[in-house]
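In the part that follows, the structures are each spelled out as structure tokens.
Two complexes follow with chain A in common, the first pairing it with chain B and the second with chain C.
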Partner chain A sequence: MSENATKIRNILKEHGRLTKDASALGERDDLYQAGMTSHASVNVMLALEGEFDVEFPDHMLKRSVFESIAAITSAIDELTQGR
Partner chain B sequence: MPATEYDALKFHDGMVKAGLIVPVGVPGIFGRNHVFEDVLARFDAAVTRLATDDRADFFVFPPTIERRILEKVGYMDSFPQLAGTVHSFFGKELDARKLSERIHAGGAWGDAMAITDVSLNPAACYPLYPTLPGTVPSGGRVVTMLNWVFRHEPSPEPTRMQAFRVREYVACGPPEMVIRWRDTWLERGKHLLESLGLPAKADVASDPFFGKGGKMLAASQRELKLKFEVLVPVISRENPTACCSFNYHEAKFTDAFGIALPDGETAHTACLGFGLERCVMALFQEHGFDPGTWPGAVREKLWP
Partner chain C sequence: MLRVGVDLVQVSRIAASIATFGERFVQRVFTPAEAAYATTPERLAARFAAKEAVKKALELDGVAWRDIEVARRASGACDVVLHGAARAAADAMGARLALSMSHEGDYATAMVVASCERS
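For the complex of A and B:
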């Protein structure tokens, strides 16, 4: 598992209010189905910004960007590209 | 013929000049005269006539609600900037003297006050939920209210008020009943405004959630189509004003207040509210400031 994916899982564990164990989730499992509410997804987004020192632009503040570990990973990759 | 140009300040000043509203020195707060209130009452009555088959129970709640409702429904998580918590003085004699001195010296005095158990009501449906615990009938229940609401968003723009009235309907019942009811009303609401000669259109909408996280909540609300509005041009043709708003809450309030169906299944709620002052203003802008000159078809509908 990549370093980023581990960090993302830890953030989901702490802020996602998931009904399942974040470390047992598949990369493409739907996080909303796993219990993440809209408000929890906001906390996840803010925690990701802190952890990865990135800022999500407005066009990325939508459900699909935070719907799975894979989606979040690719968003973080996009935001940290070229570092 | 429109009363004024589609312009916030011209429309505001036009209503003031016509005597319909009376400024009181604070943006978003003003008095309404008898003509304004007559149209408002008649529009409200037209809504009631439209809703006969809902057999809704009617209530009026005061503009203050238990503060705990705001906490319980997450209002402070989403809209802290709009909240109107009520504060009062809990100090002793000497503190009261100091407070008085500070006020008369023109200084700030907010920190001498403390929060009370009540808040101004920000959403017309909120006072209802604590009264519903237990079960709702399997066929659902519909309640209607005429409530004053408060939003802390001072603005010189006349349709953006800090305090206004909402004629609200709330349905609580099985999810499919609630969605069907909401869809029926979306048509009804649009049709009512159109029948009054207003160029109404319905659209998906979102609430003004606070901050950056709020942008995400708003996007989510739109994607899930949880909020619709019926909009009418009042101060702008390009950005029409929401006169009627429809919200599908899923289990948000029934979970928070322990409301279930007789078989123990989760009940859902939806609400719709006519912003009464906005509907009245839309009528004035569309047909002119003197209701005596309004088109016959509109008058017949409001003065049957």
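For the complex of A and C:
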């Protein structure tokens, strides 16, 4: 598992308010189905921004960007590209 | 065509977000005018619920929370004021919005009804 994916799972565990164990989730499992609310997704976003020193632009504030570990990982990869 | 959106938010969770992320949370989600008036978790929770209710009513995605603003009239009644991508989407639908919010104990809720000329 990539280092980013591990960090993302830890953030989901702390802020995602998931009803399932974040470390047991599949990369493409639906995080909203796993209990993440809109409000929790804001916390996840803010924690991701702090962890990876990025800011999600408005157009990326989409439900689909935060719907799975894989989706979050690719968004972080996009935002940290070239570093 | 009428559309509706409703949302329920736990006040203590908004308070926890503020405790965890501080001003970053407030500034990312609320406009300066909202933050200036809504100085309690209850009021912020009701406004967060309102933003989510608008998103549901208009099926908005990829818009900033600050682009959905709750504006308070002198009477205390509140209206939705949209900006940026949210405004553009609503204008494209010819949407007019009505908002009602409430909070009691650890819960805040908001309902939005949208009258849309175009779907």
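To be clear about the criterion, the second predicted complex is superposed on the first by the 83 of 83 C-alpha atoms of A that agree within 3 Å, B and C clash if a C-alpha of one lies under 4 Å from a C-alpha of the other, contacts with A are read in each partner's own complex, and residues count from 1 in each chain.
FYI, a contact is a pair of C-beta atoms (placed from the backbone, for glycine too) under 8 Å apart; a residue touches a chain by one contact, two chains touch by 3 or more.
Only a predicted model underlies this, so the values are computations on that prediction, with no experimental measurement involved.
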First, second, both or neither for A:H39, with chain B first and chain C second: both
Contacts of A:A70 with chain B and chain C, given as first, second, both or neither: neither
Which of chain B and chain C A:V54 touches, first, second, both or neither: neither
First (chain B), second (chain C), both or neither touched by A:L79: neither
Comparing the two partners chain B and chain C, which touches a greater set of residues in chain A: C
Touched partner set for A:K62, first chain B, second chain C, both or neither: both
Contact residues of chain A, present in both the chain B and the chain C interface: 38-39, 42-43, 46, 58, 61-63
Residues of chain A defined as touching chain C within the complex: 15, 17, 38-40, 42-43, 46-47, 49-50, 58-64
Chain A residues touching chain B - in the complex, by the definition given at the top: 38-39, 41-43, 45-46, 56, 58, 61-63
In the complex, chain C residues that touch chain A: 7, 9-10, 13-14, 17, 20-21, 24-25, 28-29, 48, 52, 55, 61-65, 67, 84-85
Chain B to chain A touching residues, read off their complex: 74, 77-78, 212-217, 219-221, 223-224
